[in-house]
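Listed after this line are the structures, all set down as structure tokens.
Shared between the two complexes below is chain A, which has chain B as its partner in the first and chain C in the second.
So, the complex of A and B:
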């Protein structure tokens, strides 16, 4: 299913987000291009420090101030460049047109405010509903995300709920104003596997109902395989591979993606004491001091001279499949 | 053991109740408020009903009469009103300033914090009693001047407490989550962070009330009190000359002052134990 230009909800063009700390510049995001179609899920994959969370925070302009700044690029959402609008306009978009759910359901809810009120305050803020109606609406939202006895739950405090339930509440809050886009930053990482499956199911069924677009940030390739339509792999602040999910898993082009896929245990190749799971050697380069050429050169099994001299471009290798590697530049 | 599922307010009350001194303090504080509210009903005489001077305690005047012949017990009962008004109004004034400065400094941090905290320190180094005397001497000794002075002198403690709470709370994930929902800085400060920062402020306020009452009494004792308002400090002031003849003129208001501040401090201490998460068992 090819995405037409007018079906694009969000497109990020040449985004650079840097952090200026003590006279040093940490280039966390270095020229990211992404687009998210309506009703689609885009998986953004990478290890810690790859810049995937900073990319997401840049969209909502929630980068840590005053150190972090979007220094270049456009983030076009429904025809508006989010990188250049006033803070006040940005506030009207947050939680209203674009919502975000966080990794830690245990700490993302306000501990001293009742569940119902936490949903109701967002609806009052963006929709101007009167208090009573907002609370009724909150009850409906809780039922919608599969929480039993919503009328009782709205009067409870976060510490009275389990982790899975709290993440459902977070989703209810995020979706309460019917946003067009949801940013999910490692939404299931803190949950155990069975709860994780339930939350992913819930997100999928809500997407089917509402046609919301999801930007799913994760380091879990299993989650991506289950949820995403397209996948972008990030490394050291850049996208190194971008493809449909099936294509990426079948024919990874970038050596980093190959390494990532190889390091996931499969049933047919379960690790044993004498057959270790292959890992990618080395660590992510320091974004304060990147080498010239390809950022992956020191960890790459297929590195050659050109990689150390010149930075490879993100090239379209086949239809809807881009990679940033000299091996695939024709 | 306190059931974890009980309502937070109920949990606080259950922890508070475990300590006998705290309950005693709260009872004393409640009695103080009731006496102040119903003073005209409780006082056997008016403050201007003058009879025989220097009658010792007992008989018609339970706690004796003063140098003008007015009833010591009645004066004390009316005096609770002055103490309560000064105590509450001073704490409200102090907290309005302290909460504003403290939350702004702690929330925004950086340069804002630096400037606001230096201002706070300037107020902290003011010699308290000296400033109080100057203001009262310059602007006259009305209750409201005293309230103003106490408010101006005590807000730095509130500001510093709140700033410290805000500095740690603003980094919490639920604040990021609320910001991602479109809340403004004002919403974040008032609706999201402040309710989480209140416990130490509440404890401090209960201690501030007793401090304000003592400061009002001290000023009045030096003759700088409001001449139109009966207060324990004024009574002590009037009693100075007659220590040898009429001990009751000083003893009973002094005792009232002692018991009231003790009760308020015990309440504050109990609240501290009940609200402080670090002391929870």
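So, the complex of A and C:
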């Protein structure tokens, strides 16, 4: 399933997103390159704090203001650089061409607004449907994401729904304007195992139907193996490896990826909590104060002189397989 | 819901009974008594004092006085003022509209301004605008009501001579119709401004804090991710949630609102309940004082009830049974 250049829906080039807090600069994302093909799922994995959410929120320019800022880079979506368009234009893309769902279904719905309205407001906004039709549309969307008795549910409030149902509602909201791209930031982490599997199934079948592209952020390599076509591994604000899913699991190049995979028992088994990203010895370096050279140097079993002096570039090692490591720069 | 309302109203009865008893005892134990006030400086013989005391029933033991009073109140009779001999209820109802006018207008202003400035403040925390609003609100909160009132009287009334400073209407001018309305409005400016400045601060600070907390919530991020405009995000998605704690605290502060009104009415000689209370205390007019107390207690209780209902209206998670 090779992706041709013209099949690329979104490409991120040299993205830098920093947070300016109390005179310090947290370089949460520093030079990320990514691309997502049409109809494909890209898994984005990495330890907590590696910058996955900041990358995702940069795409929709939802970085917390005024501390956070995209300082450099291009985010090209269907030929438009999202990093440089006007805010008003950006608002027409949010929820319309690109949607996002978040980790916590318990807190991502507004507790004082009815379910139906939370879906309907998006289609009124982007599709210009009148109130009555927007609500009917919301009912249809609820049915589509597998919620029973949708006509009754639209009049309910979030606290009357279970966590799994709320995440379905979130998916209904996200997909209501038939976007070309969905960003899912750990959509199943807060759900229990059976519900997790149901939500992933739903996302897969919706993707088959609509050909939507998905950027799937997760801690769970099992989810990646199941859902993604390609994977990007993130470490301390950079992509350290980027490959097709099968390639990455068979021939990881970066020592960090190797470490991740080594400590994952049986990817073919049902997801369990211990299959979450394992702790590799040591901790992620502070993005406020990075050492010169490779960010992984202090935890790397294969570290050598050059790693401490110079930062390795993200290099294409074999076809469609990039890694950021001096071991693989030829 | 109706059942809940009835329940709440029923609870009021023992609550009021207890409160009335305590206040009755406190009022009668306070130094000074109405006989001295009525007789005044002129002096009177012992016989006259004894007769007046007996007339008012003040020679009986306190618990007999209390029982008699409670029995009387139970039939809806609040008694007669010692000083003016008018029925207490009539005196109170006579003054009520003036106070309600003042309270309602100041509530409208302080809530709309407080919430509005609070939202504005929270939109860009620690910006110049936010900091200016903070300084202004803290200053107006720290200043005592009566002092602020007098300051305004001095500034706008005395030196600038723009606005009337005393009372509710200019009796000498004898306005009627629309002119009367205008005249009352002019008289209202300073007392309403005083009360608004004072109450605004609390509402503003609460709204700001509550908004800042709410805009950090995930559903606000979701609202932005939907492509909604910043105004829709702030008002439709954030403010409704942020108002919940504001409503609660304002409801709890209802008593302070009334106390502030009493002080302000005194400063501006506003012919309302506050002024009436002040006079009643001064004259040790026990029946009027007790009547006022009962009336204000009911007002506070109703205020709290309205708060609860408003809360239920704003927050679907709350259901009263």
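Criterion: the second predicted complex is superposed on the first by the 317 of 330 C-alpha atoms of A that agree within 3 Å, B and C clash if a C-alpha of one lies under 4 Å from a C-alpha of the other, contacts with A are read in each partner's own complex, and residues count from 1 in each chain.
The rule is simple: a contact is a pair of C-beta atoms (placed from the backbone, for glycine too) under 8 Å apart; a residue touches a chain by one contact, two chains touch by 3 or more.
Quick caveat: nothing in here was measured; it's all calculated off a predicted structure.
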| item | value |
| --- | --- |
| Room on chain A for both chain B and chain C (clash or fit) | clash |
| First, second, both or neither for A:60, with chain B first and chain C second | both |
| Which of chain B and chain C A:152 touches, first, second, both or neither | neither |
| Contacts of A:125 with chain B and chain C, given as first, second, both or neither | both |
| First (chain B), second (chain C), both or neither touched by A:104 | both |
| First (chain B), second (chain C), both or neither touched by A:112 | both |
| Shared contact residues on chain A - chain B and chain C | 60, 62, 66, 91-96, 99-100, 102, 104, 107-113, 121-122, 125-126, 157, 159, 170, 173 |
| Parts of chain C lying in touch with chain A, wherever the complex brings them together | 124, 217-219, 221-229, 236-237, 240-241, 314-317 |
| Chain B - residues contacting chain A, complex | 4-5, 8, 110, 172-174, 176-184, 187, 191-192, 195-196 |
| Interfacial residue positions of chain A with respect to chain B in the complex | 60, 62, 66, 91-96, 99-100, 102, 104, 107-113, 121-122, 125-126, 157, 159-160, 170, 173-174 |
| Footprint of chain C on chain A - complex, ascending | 60, 62, 66, 91-96, 99-100, 102, 104, 107-114, 121-122, 125-126, 157, 159, 170, 173 |
